[in-house]
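Next come two complexes, and both contain chain A; in the first it sits with chain B, in the second with chain C.
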Partner chain A sequence: MAHQSVPPIRQTPRTKNKWQRQMWVGWLFVAPAIGLNLLFDWYPMMDGIYRSFYRWDGYSTAVYVGFENFRKIFNDTIFWTAVTNMLFFLVMSIILMIPTIITSVILFRIRHMRAQYIYRVLFCIPMVVPWMVIILMWQFMYNPQYGLFNRFIELIGMPDMQQTWLGDSELVKWCVIFMGFPFVTTNAALIYLGGLKSVSESVWEAGALDGVGPLQKFFYLELPLITGQFSLNLIGTITAAITGYTTQLVLTKGGPGFASMVPGLYMYFSAFKSQKYGYASALGMVMFVLSLVITLLSLKFFQKEESES
Partner chain B sequence: MSINFSKIVRPSYTIAEFAKHVVIVLVCVALLFPLFLMIVMSVKDKEQVVFSFFTIQPPFHFENYLVAFSYISPFIMNSVWMAIGSTVLTVGVTALAGYAFGKLEFPFKNVLFWILFAKMMLPGIMNLIPSFTLAWKLGILDTSLPVILFCAGTSQPFWVFVMRTFVAQQPQELFESMRIDGANELQIFRYLAIPLLRPMLALMSINVFVSVWNDYIWPLVTIQSFDKRPLTVGLAYLTSAHPGDYGMLTAGYVIAALPLLVLFFISMKQFIEGLTAGAIKL
Partner chain C sequence: MVNKTNPFWLTLLCVVMLLLAACGSNTPTASEPTAQPASEPTAASEPTAAPEPTAAPKEYTIKIMTWHGPDSNTGYYNGYKQITDDYTAAHPNVKFEFVYQPLDGYKELLDTQFVSGSAPDIIQMQPWMFGEYANKGVLYNLNNAYNAKSAYAEAARWMDTFSGGEASFAGVRSSNKFGGIFFVPNDSNATMSIGQPMFYNKDLFKKAGLDPEKPPQNWEEYRTAMKALKQSGVIPIAADNGRWVGWSLGQVGYQFGEKYVDQFYDAKYTSGNRGVEYYWDKVYVALANGQLENADYYVDMLTIWQDYAQYWQDGWTGTAEADAPNLFMTGQAAMLQAGFWDFQGYSTLIGDKFAWGIFPIPVITSATSKYAIGKYNAPANTQDYGFTVNATIEKDKELEAVIVDFLQYFSSVEAQTKYVNTAKSFSPVEGVPVPDEIKGFVNPSEKASAVEVVGSSFIEWGDGAIWPGLSQDFLMGKISVADYKAKVAELSREASKNYVAGMIGAEGYAPQITAAEAKLTEMKGDGSNELMVKSQETTIENLKLRLEMMQTYFKP
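And now, the complex of A and B:
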């Protein structure tokens, strides 16, 4: 390769030479990325589709069972409990996107630039603290014996109001949601802020000249201007709510009973606790299709809204 | 810019402006409260955690940090190697591919690009179990290789996409002039593309590093040996192994949070600018 760097006397037309050289260099440059992606991303996905039609415990020979795994899933009460819980988390996390939007607009409207910068720095801090630390701190706060909430209830003299929090099948889902308090996703807030800041100053000046009130400004200027960022965050939120389960795995293990079980966690347990790899793959495929469909539908819905308004 | 702005429009401290500050400050307080609690608890011994939960008073038990550090320092080192390995490999292959897709012409370019682009759009939930069996078949379970290789395989499509867009926006003349000067493609990549891509590479490195640092399920599944576990898995294990010893545990959480916080405060400017710049590209 290095020897070619000395330009040869141009016998062949330069364009053809260049084309050939670029061809090999191009392939060489993309080969590692494509290779890694095919082997470690595409292949597992395809293998998952294939495995979902088999019964396999990970050791003995896999047995082809057709659609039996999917039929079982449909009649699996744990699966339906998990789906119900998942829908609860999904709806809540979409509703709880609103505080982030409001916060970012308020932050944007703060005119003191120095203060705004300091707030942005503070907003970054939760992003660089490992998620595991945040989950474990909340687990500590919910701890019935040592945790913040029960100690606080004791402190204000209402010990009969103490709860088992994560151990209470009625409360556990709300506890998982409340972990997001104050329901501001800071990286999303900073992305919205970046979007608002990229809008030309003249838009805001025109709005000010027209005497637009703060609420009108929110609904007619700021909100439409961040639709792009919003739909991107929406996809992320939906996908995370449907397929995510790290929080549940660390915090509750899906319990008590199956009160906080979600399909992703059920897939995890089916594979790594019950060794039902085929069944787990089928569960994965159901979620895969589900999140794809819901994402596409919601994108379509929001794009329609956008074009109508 | 901020100076000019404040000169033109002096911040007027009306009630509305004040209310905005109040709201944002309250949000910040709520956001940072768990971290505040973490630091407060980290200097208490078992008795203080139970009997003086809400007070901050001596004696402060800084030895919690020593105990916690002896537990989690191996986990931190494991995480550091995993995160560095993943970042170097992922950023390397992404930069090469992003440059090639952005500025070179070669047959099947679009097909190859679509392989990555389609994967970017598809949810990754199905991958866990087959990835595990693949790592098993390759015989790399119980090493950091699954984390590094699968990170490089799955996290690059988005960044190749971003890099391609960025490279394509650079003026063609820059690249042509180097070619005319007789540089080969590798030299062009090394001496022109890499410096141009530097801000993007920094942003991507931070993102990949943080995502590997935070990853829990994949290393939990692939690494069995206790002493090879990364920080996230180690912390969760430590918490279940020492119930009630929240002074030592929270000290461990503080130590676990420190490396990234330090990195953040060193590179704060690029970090925040990167976030904003990334948003504009959307």
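And now, the complex of A and C:
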């Protein structure tokens, strides 16, 4: 059968003008978003790329140095120490995504809607406490002399077990990780919950009819059905672990020595403590590439897993 | 009939309104004075003698940035507020707004503000910041104002009203490529050796078997006291992972290397005032050339510093700056280093919880190291702490006059006398008495005579992102003295090379000399007074000599 073509809509000058006007209105609506996006996202990023090829103190004329900043980065032992620390935080952050998934599933399984609502609210309340306050509270708890942990250890009669916590090069990274206890991220949990709620009820009913137990339900139904949400949260976790540094800045300043230094903090120090803005921009570029590569590899892995299953 | 609104125009209107709302501001600032007629600043010697305005005066809101906030338990903020309130009472068209940022993050905020063009008009700075920001061209050069008469003093020049007079600004001029003066001193005195002593808990000293009324005088006695305190189960020193690293280094480091740098230069650059005036340039060039890396005193200095760390609390590398004073206040640590600026706050916090006192940092004598100077730094006769002015005020001559007038009032004997008693601080102005409470912070004059001390500058002049962390590793014994020395020397060599290359380069001294010569020609043409012309000639001569010295000695 011959291809049946749809007759084109005849555009009179009048409809064309109307269409053009509507297009302009559309552009006007998105113009602020595009403008602000270009100004606050793309311009700084492009400027960062440009600056990374210069030696610049933030004030005087920048001097073009080609790839010198990148060459220095690859020979900078502190940067590689920071990358090693970052990889530790990254792996731990990924592992510690598990409690959030389990909690979301448990929350989802609560059939009593009112109870589920109450738990969800209780879940969200910590979101309103600024992260800075949480960091300072943990800093206080880790204090070797009057902090909660050493006081508690003393109270239970084991003073020999007291630690210097943030002052111990071996312990400091674990202390930073432990700060997330009980490792349930509200935003991520809400995303998982949304994912689970969007699954058709018939899937759960079919599972129930087949006699699927709670563990089987978790591994063969719930977990596979939130892979998309997991990928989304994973990207966030990877990006935060690679580029984040607020916790280290406030809690440890990257110390003792460089034991908790991460690339983001090193970039911040290079810019604001050493006035090496060009070098800091180059560090930012390297972090961007690292983040991109690791995220793409992770997504590739998940896509492969999905297609195989 | 239905009145149809065209969606295009409606949307356009909304966008325009949003943009206008976002860009609008109803607060006039100093940089954007209100459109009212201007009034010239008063030339009266009393701030209360406001001029009779003939028209509604132009209004100004001057922003002052400081790290002393209204919630601080010190009296500094109240002191500054008192001065600005008095000035506003006499000049109702000039108002002040304080921008407060704690020292932690102060420089970061300031950098951001300068880069974005939103820096305040008057900015409090620490000594090491003046040269850095002046060289970046973001500060206002007060040179001419200093050479003119202050409206609030009898002296011929504003400069002469400060203790130490013109000579006390020599070091200030040497710290920037313009040879200029970029700040108005405050909270210091160039002719006194003001120390940053140890606050100590007399009760804990007694508990450790030490005489609380006889605190240690030299480093050996200091070590003995720290040992005794540690044995008694008390933390000898409250340390932190921030400023303490630099402070403790300063305690030890600046007891070594008096006049050490002069040996590398011709007498032309070291004699007379030039010893002090060219001091920073000489140190930079020597660091860049690697000439200070093997100073004979380094091993002793670093060993003493590393040994010192064993008397700081366990886990000090994880203790934040704000937590170290807590250890002292709660009676867990016996000693804490602090400045006179902390005196008022600590007095209130300690109350009658325990008996306490202060003693100067013990002198390192030959009994500890044969290289030690064995005395305190002499009064530097150099102005240090103070307030700088944003260079952008030059764009508005009336604002410039208002700010200079305010700063002259700020440093008048009358305002300063009130200020030091409120803030419990020192004044740089001649004739202002030191409050009794802080007299103990002045080092005894018979022990304070060391000059041009190179000390540990090869460490702190290195990369600020790295040396503090490296120092923590060194103090914890993870790096040997030799390795640490090699690493910090490399950092300071690189930083100094960049600095000296910049000074010799196209944006360094050369354009400043040209600009200063043009200014001199202008001054001669304008018939400026002889003192100002002479001062400008001296500035040019010094700039030329400093450039010549760098070009002669710097080995890229």
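Here, the second predicted complex is superposed on the first by the 295 of 309 C-alpha atoms of A that agree within 3 Å, B and C clash if a C-alpha of one lies under 4 Å from a C-alpha of the other, contacts with A are read in each partner's own complex, and residues count from 1 in each chain.
Definition applied: a residue touches a chain if its C-beta (ideal position, glycine included) is under 8 Å from a C-beta of that chain, and two chains touch if they have at least 3 such contacts.
None of the values given here were measured: they were computed from a predicted structure.
Model built by superposing both complexes on chain A: chain B and chain C clash. In the superposition on chain A, A:G58 contacts both chain B and chain C.
After overlaying the two complexes on the shared chain, residue contacts for A:P144 are found with chain C alone; chain B is out of touch.
Of the two partner chains, neither chain B nor chain C is touched by A:W174. Of the two partner chains, chain B is the only one that A:T243 touches; chain C does not reach it. Judged by the number of chain A residues each one touches, B leads among chain B and chain C.
By the touch criterion defined above, A:F301 reaches neither chain B nor chain C. Applying the stated contact rule after C-alpha superposition, one finds that A:G257 touches chain C and leaves chain B untouched. In the superposition on chain A, no contact is made by A:F219 with either chain B or chain C. Of the two partner chains, both chain B and chain C are touched by A:F29. Once chain A of one complex is fitted onto chain A of the other, the partner contacts of A:W165 are limited to chain C, with no touch recorded for chain B. The clashing stretch of chain C relative to chain B, chosen from 115-123, 385-393 or 547-555, is 115-123 in the chain A superposition.
Shared interface residues of chain A, touching chain B in one complex and chain C in the other, are 21, 24-25, 29, 32, 58, 139, 145-146, 272. For chain A in complex with chain B, the residues that touch the partner chain are 1-2, 4-7, 18-19, 21-27, 29-30, 32-34, 36-45, 47-49, 51, 58, 103, 106-107, 109-115, 117, 119-134, 136-141, 145-146, 148, 151-152, 155, 181-182, 184, 186-187, 190-195, 197-198, 214, 228-229, 232, 239, 242-243, 245-246, 249-250, 264, 267-268, 271-272, 277, 280-281, 284-285, 287-288, 291-292, 295. By the touch criterion given at the top, residues 2, 5-6, 9, 11-12, 16-17, 20-21, 23-24, 26-28, 30-32, 34-35, 37-38, 41, 49-50, 53-54, 92-94, 96-97, 99-101, 104-107, 109, 112, 115-116, 119, 122-134, 149-150, 152-154, 156-157, 160, 179, 182-187, 189, 210, 213-214, 216-217, 221, 231-232, 235-236, 239, 244, 246, 249-250, 253, 256-257, 260-261, 263-264, 268, 271-272, 275-280, 282 of chain B touch chain A in their complex.
By the touch rule above, chain C contacts chain A in their complex via residues 7-8, 11-12, 15, 18, 107-108, 111, 114-115, 132, 135-138, 235, 241-242, 313-320, 323, 326-327, 330, 332, 463-466, 468-470, 472-473, 476, 478, 495, 498, 502, 507. Those residues of chain A that touch chain C in the shared complex are 21, 24-25, 28-29, 31-32, 55, 57-61, 78, 139, 142-146, 163-169, 172, 252-258, 261, 266, 269-270, 272-276.
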